[in-house]
Amino acid sequence: MQLKIDTSKRVELVDITSQVQEEVRKSEIPEGICLISTRHTTAGIIINENETGLKDDIMDLLNRLVPASAGYRHDLLDNNADSHLRAVLLGASEGLPVSEGKLELGTWQRIFFAEMDGPRSRTVNVTLLRAERYKE
Amino acid sequence: MQLKIDTSKRVELVDITSQVQEEVRKSEIPEGICLISTRHTTAGIIINENETGLKDDIMDLLNRLVPASAGYRHDLLDNNADSHLRAVLLGASEGLPVSEGKLELGTWQRIFFAEMDGPRSRTVNVTLLRAERYKE
Amino acid sequence: MQLKIDTSKRVELVDITSQVQEEVRKSEIPEGICLISTRHTTAGIIINENETGLKDDIMDLLNRLVPASAGYRHDLLDNNADSHLRAVLLGASEGLPVSEGKLELGTWQRIFFAEMDGPRSRTVNVTLLRAERYKE
């Protein structure tokens, strides 16, 4: 399944947890894996806490590790090398278990689409796989 | 399945390879995928070599890229912004193949729970999925 | 399935997209997940754009965040601490959906084996799992 997301800023963390949970519910899979992956090379997937200050801290960190302009070669072609580089650090996919028909999330865990070159219309893939039960 | 881990330091790499391997064995799945994921927002999953000096190098790197205190906004709420930020860089999950009933690990690969805000009692999810055999 | 890759430089991004796509085709799985994982502790998996300048930018970034020599403890044992540390930042696995028998990749997405300590003969695992169709 694909989630459609419209971002509104150049760099933005969009909480997509409830949309992912809805896909898990629709799948009717009791136990398994949920893979969340981006179809873009200037965006990533993050699982962390949704707290306003922390979200700003994450964006500050990415800006400090990968400054917006630093003589990147890719900027001669397309002025978004920083967006690609930040996406490389974040990674393109995360997996989570499905248990008793629900996404197995810790108390503070939320799933974010990490927009690094918005605003744009974006796509996130949510893929559900069923596990067998086994002896424990 | 959930592994319970008691960490003993604020920042610590705990080798959980043998516990993950035991879950793979119990599953009796001959071929498939093993997803290892943390339920926490101040911890990550790393697959790398278990060598004492290297583990210290990894912790030094995280400390250099994300210093413990750097005027983070989240620290006004809860004094562990660095732990969250390091977790974002490490990622919350890794997947490995299962082959011939065993975790497919390279010679030097070990699985670590990367504690970034301990000591605490922690949970790691280990989820096993069976693959079909196909023509090769 | 295992891909065999011969790298030719110490640090190199090898585009393995077509080999991974061939494994997806051979599996004959219509819908599912493709897990790409390295068996090495001095290499990672990246999904991003294959553009010459950008690949150099990625290698420059890794060199800036993790300099080749910086008094690492692991270098006393084996002179490749930087390779391990860069691998930790990149991560050892990525997952992608399979849809209608093909790898579900965005327009610019390519899969790279990120060699951090070559030249060497390397192995990448490609594991395919079938998903059930469900009501949408």
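Letters are used for the chains, namely A, B and C, taken in the order the chains are written, and counting of residues starts over at 1 for each.
Operating definition for what follows: a contact is a pair of C-beta atoms (placed from the backbone, for glycine too) under 8 Å apart; a residue touches a chain by one contact, two chains touch by 3 or more.
As the structure is a computational prediction, the values presented were derived from the model and not from experiment.
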- Counting only chain pairs that touch, give me the topology of the graph as line, ring, star, complete or other. complete
- Between copies subunit A and subunit C, are the contact residues mostly the same numbers or mostly different, with half as the line? different
- Message: Rounded to the nearest 5 degrees, how far is subunit B rotated relative to subunit C when their C-alpha atoms are superposed?
- Response: 120
- Query: What is the distance in Å between the mean C-alpha positions of subunit A and subunit C?
  - Reply: 18
- Item | For subunit C, residues that touch 2 or more chains besides their own | 33, 65, 89, 91, 95, 129-130
- Task: Note which residues of subunit C are touching subunit B in the complex, please.
- Result: 1, 26-29, 33, 35, 37-41, 65-66, 72-74, 76-77, 81, 84-85, 87-89, 91-93, 95, 123, 125, 127-130
- Task: State the interface residues of subunit A toward subunit B in the complex, per the touch definition above.
- Result: 32-33, 46-49, 51-54, 56-58, 61, 65, 89-91, 94-97, 104-106, 108-109, 129-132, 134-136
